[in-house]
Structure formats: C-alpha cells, structure tokens
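In the two complexes below, subunit A is the common chain; its partner is subunit B in one and subunit C in the other.
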Partner chain A sequence: MSDMTELDKPTEVDNELRDEIRRISQHSRARRATVSKVMIALCAVALVVTAVPLVLLILQLLEKGLPVIDKTFFTTLPSTPSLIAPNATGGVSNAIVGSIALSLYASVLAIPLGVLVGVYLAETESRLASSLRVIAQTMAGAPSILMGLFAFSFVVHDLNIGFSAIAGSFALAVLMLPVIVISTEIAVRSVPNTLREAGLALGAKSHTVSLRVVLPAAVSGIVTGAILAISRAVGETAPVLLTIAGGFTNAWKPLDPVSAMPLTIFENAKSEWPSQRAQVWGVALVLVAFIFVLSLSARMWASRKQQVRN
Partner chain B sequence: MSPAGPFGGLAMIAGTLETSLIALVLAVIVGLGTSIAIVFLIPKRLRNVVATLVELLAAVPSIVYGLWGLLILAPWMESTVNPWLNKWPFATAIFGSPGKEFGTSLLLASIVLGIMILPTFVAISREVIAVVPQDLIEASLSLGATRWQVIRGVVLPTAKIGLFGATFLALARATGETVAVALVAGGVANAQFHLLYPGTSIAAWIALTFGEAQGNEIAALMALGVLLMLLNFGLSLVSRWLVRRQRLVLERV
Partner chain C sequence: MTEIKSGAAVATSADIRGATAMQLHDVAVSFHGRTAVRDCTFDIAKNRVTSLIGPSGSGKTTLLRALNRLHDLTPGAKVSGQILLEGTDIYRGDITVTELRTRVGMVFQRPNPFPTMSIYDNVVSGLRFNGIKKKALLDEAAETSLRAAALWDSVESRLKVAASNLSGGEQQRLCIARALAMDPEVLLMDEPTSALDPIATLRIEELMTTLKSRVTIIIVTHNMQQAARISDDCAFLLMGEDRAGELIEFDTTEKIFNNPKDSRTLDYTLGRFG
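On to the complex of A and B.
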C-alpha cells in the first residue's frame, strides 16, 4: 500500500513533463487561435475581392451610361458617324423596339407550353415525365449559343424563314422553356395536397383538379419563374446574334429582321467612333436596369405572396 | 469566297479549356472564401441582402461583362498589368514575349470569365455550406475547436460533394460563355499557350465568324457546336449527380 502512494506522488520528472505539456498546449492554443484568425480574415478578404469588381462594374455602368441617355436616345434611329459629324450616333430606338418584340414573341412561344409541361411533370409519375425532367434540367444549363445554332439551322435555314424576329424569339423561347418548366414544377409541387383531395372529393376529374384548382393556387410561383425567364432572355446576345440580322429600322413584325439591345452592344463595342463606344454604355445601362427591375419585382412578388399564404 | 477548308478546332478547344480552367481556379478560391464569409461572418439580417445582391449580379448579362472587360479592363491590362507581369522571371514562357502583349488576351478572358462565374459559384456554395447541420458545428465548437478548425474539419468535409457540384456547374457555365469571351479574348484562332496573346474559345469563335461563314465553314462551326454541347452536357450531368449525392450525405447525418 505504502508503495502505491509512493508511486502516486508526482516525481520531479512528472512535474517537468506536466509543465512541458502545458507549455505545448498553450502554444498550440495560441497557434490555433492565430491560424483561425488569419484564415477567417482571408475569407473576409475574399468577400471584398468578390465585391470590388462587381461594385465597380455597376458604378462605371452608371457613370458612363447616364450621360449618354436623353430623349433622342429612346426615340430616334441610329445613324453612322462620319468625319463631318463624328458625334452623330442617333438613338437606339430600333434596339429597344426589337428587344421588346423579341421577348414578347418568345414569351408567347415559351410560357404556355412551359407551364403545361411543368404541371404535367408535377402531377404525374411516369417514365416520360422523368425523362422530360432530365432534358429540362440539362437544357437549363446549356450554352445559349447552342440555341442560336439550333434556331438558325431549323427556323432560318430549314423552314427557310430567314433572319427574322421569329427566328430570334424561337431561340430565346428554347432558352426560356426549361426555366419555366422547372419553376412551374416546383410551384405546383408546393401546393398542399389537401387542396387536391378537396377537389377530388367533390367529384372533379384529376385533370380538372390540376388545371382549375392546383394551377391557380400555384400561380404566384409560376409568374415569378416566367418573369425570371424573360429577364434572362432579354439580355442574351448569342442566340439573337445568329438569328435576327439586326437593322436600322424600328421593325417589330415577326417576319422582319429586327435589332436588339445586346446585339447593338456587341456590334458597337468595337466601333472605331468614340461616340458610338460611349453610347453603348447607355444601352448596357438600360438593359441592366430593365433586368434588375424584372428580377426584383419577381422576387418581391414571390415573397409577398408567400406572406399572404402564411 | 470563304475558305473551303480544312478546318481545325485545336485553337478553339485549347482556348476554351485554358480560359475556363484559369477562371475556375480564380472563382473557386475567391468564391469559397466569400461563401464562408457570408455564412459565418455576416450578421443574419444582412445575409439575405447580400444573397439577393449576389443573385442580381448573376443576372447581369454576359454582354455587359464583356463590354466592361473590353472598354475598361483591356486598356488597364495593356498599360499596367501586362508590363508588370512581364517583369517577372520566366514570364516569357508563360505569358508570351514582351512587346507582343495586347490589351485583349486569353488572360483577360480568363479574368472576366472568373468574375462572371463567381456569383454562380457563390450562390450554390453558400447554400451548400449554410445547410451543414448546426449540431455538427456546435459539437465541434464544444470540443474546443476554433472557428477555422470547425470550418476546415467539419463544414467543408460535410459540404464537400456539393461544393464539387458547384464547381462543375461553374465550369460548365464558363465553357459555354460566348459574347464576353468574343469581346475580350482578342478573337485570334491561334493554338498557343501564352496567356497574354489573343486567343478564342469554341463559343466565341462561333459567335465571331458565323455571320460571314459559308458552305463548309458553317458545317465546321456546327461541329464545334456539337463538341461544346457534349462537353457542357457531360459537365452538367456530373454536377447534378454530385449535388444529388450531397443531399444523400446530409440525410444520413
């Protein structure tokens, strides 16, 4: 017994060992704290690095865009500057008219079809539905230039319609379709099942329930998705680059070759006339403002409807 | 008359891979830090505002990024960055010989692409990081781990697969970007690896030359399009598979 207590007493070696361990652990705690602080600070730096170019982009867009926007910017056709009149850029009414026409036709083509497919995906379980879903998800991330190639070879070439608003809006519609399908499916799936069952219990057929009960209940989500799809389509350059030909008139009819804001930016960004390069900033500002208003209103619509439901 | 061929895609394929991979490295390093900062550093109230901002920036059309790159960044690269880069040893091997640099280049295209895919990457990786269960984080904190140890030891490993998914999605987006690259890469089909030389990518080359293409050249550009489609669909399939697996991982936790 006495031997055991003798052993339990800390020897000098033990004390030294304990101090050593304490020293190491304190050192390591300090080191861990320092490493943590440094890495967290680096993350904060990354946040700043992300923010700086994006803030710069917006500020420079405002700084260079606002001065060139006036009444004639919206109301007159573009003109080509010459040596005598180097600042005669005219306005960009053709691009604005064209962009509005293109998004209108593309919406007419894409929204009804997309909503129907989305409802179908949400309300049925079949092999067709799941393969359609995979196609929609893959198409949603496809490069937009592919839609341009497709619309060119199908509408412009095979159907022999030529460069036209309808070819451009076909390309944009193909781009919008998967976005609308996916958002509709999500919106329809989030409709509570009690609503469906109440409809069925009253003797309604399942397709009647889908179209008359579920669809109206899901309408806010569907509208949000559609607005986001339009806001994405209106800024796309690559699909319209291959399909609408551009032009210096306020053409808007489906079979006319039209212009569009992104196309004007693409063509004039490398212009040899400083006045045209300056004007491009105005077009970009109008485009971005339009897109921001669309997507913010979609967002506000979605959150307001959610509050109503809650 | 347009050339009758033969047509080669090496310059475009190399340009696509170079620019998107460099852009990806830039975007993932900065984006991961940004996502961690948004989830763990920013007060809860501001988080929604920042998330909305990030999503708005993802909505800025690529043509606007391209315009900004061409009219603001390219002159700055030419006057300041490129001469500075060329002062370093071995710079000639990587960037090209001095005096041949241009404002528009593969490097500028990579940087602009990186800035463009950053919001996309942050939007997804932020969500993936935010859904890591609080229990895991608190358990780790209660064992005396520092904040960084929690992030490195618990949060990132749990979110790993989803983060890979976000990476592949960002890569898919970078390979398909068209007009921004068309504006800032210089638009020269020349297979080389010097980053300060002008170059092009598959999508950008289609956009730049399709308007004047005739006959066989259209077919060649369509073939490039098919290649781009296969590349993109492959990447997006992998990314979706990874995100699905991440969901399974979280269900198990």
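On to the complex of A and C.
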C-alpha cells in the first residue's frame, strides 16, 4: 500500500530522451523491413528449389508410366517377352495382389503390438519403459535391409517356413513397429491430463482409464501414425528382397511365395527387354498412387476426427 | 445406486452443524519434501456446503485433492495427518482408493467431459468403469443424475450426441451428473465455475444449494461472494512465511464473514489483500 503514493506522483517526461528513442526506433524499423523482405525472398527461392525435383519426378512418372498402363496391366500375370513377341510383358497383377497381402499381414502383426507398447511407454515411468523407448528409437533408424536379413535368417531359414508372404510381412512389421510405437506414444501423451484425472476420480483403475478414456481420445493420432507406417512399408524393397521369392502367380496366402511392386520394379529394371524396362514406370506410378491415397486418407481421417472433437 | 438420499439432517441454525461426513486432523501435503499446505484440522458437516477460501498459493486445491487421494499419482507427493470418511482413515484404513473415489466424487475447474463419448456414455462412464453393464440400471442412473444436475430437460432428446457439443455451462453440469451417477457421499468441487459465464455460474450455484440434501459438498473458490452465497461453513487458508499454506480459521460462513476471530480473515473477506 505504501507504493501507491509513489505511483500517484506525476512522472516527469524528458522530451529530449523521448525524441532520441523515436528517432532510433524509426531507423531500426526501416532496417528491419528490408531484412524481412530479403528473408522472405530467400524462403521463396528455397521453396522453388525444393519443389522442382519433386515436380519433375511426378511429371516423369506420369509421362512414362501412363502409356504402359491399361486394363491388362492390372488384371493379367506377367509373361516373358520373346523375339517373336518382344512387347508381350503381360500385366503385374501378381505384384499388386502381393503388395496388398503383404501390407495387410504386416499391419495385423505390427499395429496391435505397436499400439500397446506405445500406450505403455506413454502411461508408465519405469526402467523397462525407458529401455523400450531407446530400442524403438534405434530400430526406427536401422537400415531396412537389416530387417530383411533378420526375417530371412529367422523366418525363412530357422523356422524353415521358406520364402513366403509371412516372411516378407514379418520383415515389414519389424520395420513398421518403431514408427507405430513412437507415434502412439506421442498421441497418447498429448491427451490432456484432466481427462485421466476425471476417469480416476470416478473410481476407475489406472489401466481402465488408459484403455477406455485415453486410448479413444488419442485414436486419430494413432491411426495417422499407423497409416503412415503402412505407406512407408509398402514401398520398401530391401526387406522383401530376401524374404518373398517373387512368384509369378496371384498368390496371397501367408505361406505362399508372393510378389510385390517394389520387387517387380527392381527385377524388371534389370531386364534386357526394353518393353519390361518401360513397364517399371507403370508399376512405380501405381505404387506412388497407392501411397498417396493412403496418406491422404490418413490426413482426412485425422481432420475429420478433429472436427468431431471441437 | 440410484436412490436419492433423504435430506434429513440439514442444519438450519448456524450453531448446530449435525453429523460429520469427513474429519481432517492435522493434515499436511508436501511435494518432494516441500510443504504446500499444513495444519488443517476441521470437520466437514454432512449435507452442508463447506467452502475453502484464500488467496492463490494458500493450498486450497492441494488440500481438496488430498480428500480423494488424487495426489497418489503425483511423484514425490506425501499426505500426512489423518483424513477420516465416516470414521475410516482414507489413507491407512480399510478402504481401497477406487472405493474411496466412488464415495467421494469430484468436479474439476474446467469442464472435462470425455470428448469421444456421448452425453449418455459420459454420465454412466463411472458406473461402467466399475463393472456395471445392466442397461436398465445405467438408463435409470443416467436419467436420475441428469435430472439432479438440472440438465435432463435440455438433453433428453440428444443423449447420443457427443458431449463436446454442449456449452461450457452444460458441460460442467454434465460433469456434475457424471459424478452424481456414482451416488457419492461427498462431492469435491475445485473452482467449478471459474471457467463459466455469470449466468452459467448462477445455475451451478443454485444446483449446489439443492444438491446438498443428498450429498455433502466441499468447494474451493476464489470468489468471495460465491463462498458467502452458497456455503454453510468456511475454511480460510493463507500462505505462511515459508510459502506453505495453512489453515487460519474454520467456522460457519456467517461467522467467517461477519465476526471472524482472526484479523487476517477479516482483512481478506473485506478485500484488503488477495
């Protein structure tokens, strides 16, 4: 209360000092406006430089991919060109069916496990949790050929299952797992604590709160992470190279040797027949379209969920 | 689960406080060895509204959260002294923390309905978490508690709608209904109207006055007029020299506001500080 008298005293204004401050700030404003314009121009240049390779890539994909895509491209099996019929490449239905089967099995293997581990990491503080987190982060950075090698030695060789969809899915699942774990942990951690408290204050046990309050509230982030993991896995070549054998049938059962789009690209690119090499662009275009649709649906799902919540 | 307790022992005279719902004896809460609030000894009378008032940092919310063991989750938190619910020590007695929380409900500062659940699912969520699945029972509990929270008429036709579509005031009444569905003996309210506009605040205040016949209410409030309007008893807390909150005075609200024993209480209620 004693400072009230201090505040009530009228402050003496030093006119010279005020003019000085105005002059300096005016000068500085002009300088900052120039710096700002230069910076914006630099950002624009960086944007163009980044966009150019991407646009060129997409243009090339469309230019070279579209001509080789027709109905039989999707519906028929590949055939080997010969001197009599150098353009008889057939379709790539085996690769499309194989890729869909592989991503499906890999999702079944990786998503439930990854989500549970992610929730565990977010909801508990323990030595086990922090070790798991380090493992997940390390795995996320591991080269994908390693997953292929591991699946080859473990599933194909040790378990004696042979080259099969399940071996390829296993490799892809190991690749997806850390992505799902990390994105789930982030989504669960972003659920406000007030919701946990609301659940606990109703007499719920902490695992009940985790599964019935926190998990549903985090679901949009979890689904987005899972879809991004799938779209990354479906384009991977290295893990399937050593595990699926690349059959020339529309095989899709777990124990069948299947084919996959990245594998077809890899094999056909080495072909001596120009028609087969040309087909690679069609497969690449379908693969990119597949991933694009997956990512887009992930975004749409997330934004729709967000709207429901707000 | 759903029967309304008869409002028998509503004391009208300020001198007769009736039976006791909870007793606090020398209660203190500390975090990592730093005391946040201490010296709290008073009785919470049944079917009355007890308010905890005091400036920021005086430990009102910290004390309130000790009453349903919400500090259990905070690493380094320690509650000492004795808190009795109907004679049972809630920290050491023969009562589990989940049972305690079904008997001592809570409403928070900001409305926090479960965002992924409908209005109906929110109200019966506590019952479901505790294993009750019978539809007839849940339906009845939903209607009874929504009526008790004065929300039934406006939501009856849209029980399946997401709770986030309600206004702030309606969401808070939904949270009250959610707590009431457990049929608690005591309801803790942590500044339940601080995020609401004056009209929504008024409706919650009216609600508290009607609810006290079925549930004992303990409310933390920053708003002195609110404490004076709605509470029967009042505990005044203040931050001490070492920045720990302590109980200065506990009495009927009438005495605290008109004739307090401690001069600091008078200074605070007259708005001289805080």
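As a working rule, the second predicted complex is superposed on the first by the 250 of 310 C-alpha atoms of A that agree within 3 Å, B and C clash if a C-alpha of one lies under 4 Å from a C-alpha of the other, contacts with A are read in each partner's own complex, and residues count from 1 in each chain.
Assume a contact is a pair of C-beta atoms (placed from the backbone, for glycine too) under 8 Å apart; a residue touches a chain by one contact, two chains touch by 3 or more.
Bear in mind that the values here come from a model prediction, so they are computed numbers and not experimental data.
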Partner chain in contact with A:108 - subunit B first, subunit C second, else both or neither: neither
Which of subunit B and subunit C A:33 touches, first, second, both or neither: first
Contacts of A:21 with subunit B and subunit C, given as first, second, both or neither: neither
Touching partner for A:59 - first (subunit B), second (subunit C), both, neither: neither
Superposed model, subunit A: greater residue contact from subunit B or subunit C: B
Partner chain(s) touched by A:217 [first = subunit B, second = subunit C, both, neither]: second
Which superposed partner A:201 touches (first subunit B, second subunit C, both, neither): second
Set intersection of subunit A contacts, subunit C complex versus subunit B complex: none
Residue numbers on subunit A that touch subunit C, as the complex places them: 125, 192, 194-195, 197-205, 208-209, 212-213, 216-217, 219, 308-310
Of subunit B, residues touching subunit A in the complex: 29-34, 36-38, 40-41, 52, 55-57, 59-68, 70-72, 115, 118-119, 122, 146-149, 151-152, 169, 172-173, 175-179, 182-183, 203, 206-207, 210-211, 221-222, 225, 228-229, 232-233, 236-237, 240
Of all residues in subunit A, those that touch subunit B in their complex: 32-33, 35-37, 39-40, 42-47, 49-50, 53-54, 57, 60-61, 137-138, 141-146, 149, 152-153, 231-232, 235-238, 241-242, 262, 265-266, 269-270, 277, 280-281, 284, 287-288, 291-292, 295-296, 299
Sites on subunit C touched by subunit A in the complex: 68, 70, 73, 75, 98-102, 105-106, 108, 110, 112-117, 125-126, 128-130, 162, 164, 175, 178-179, 182
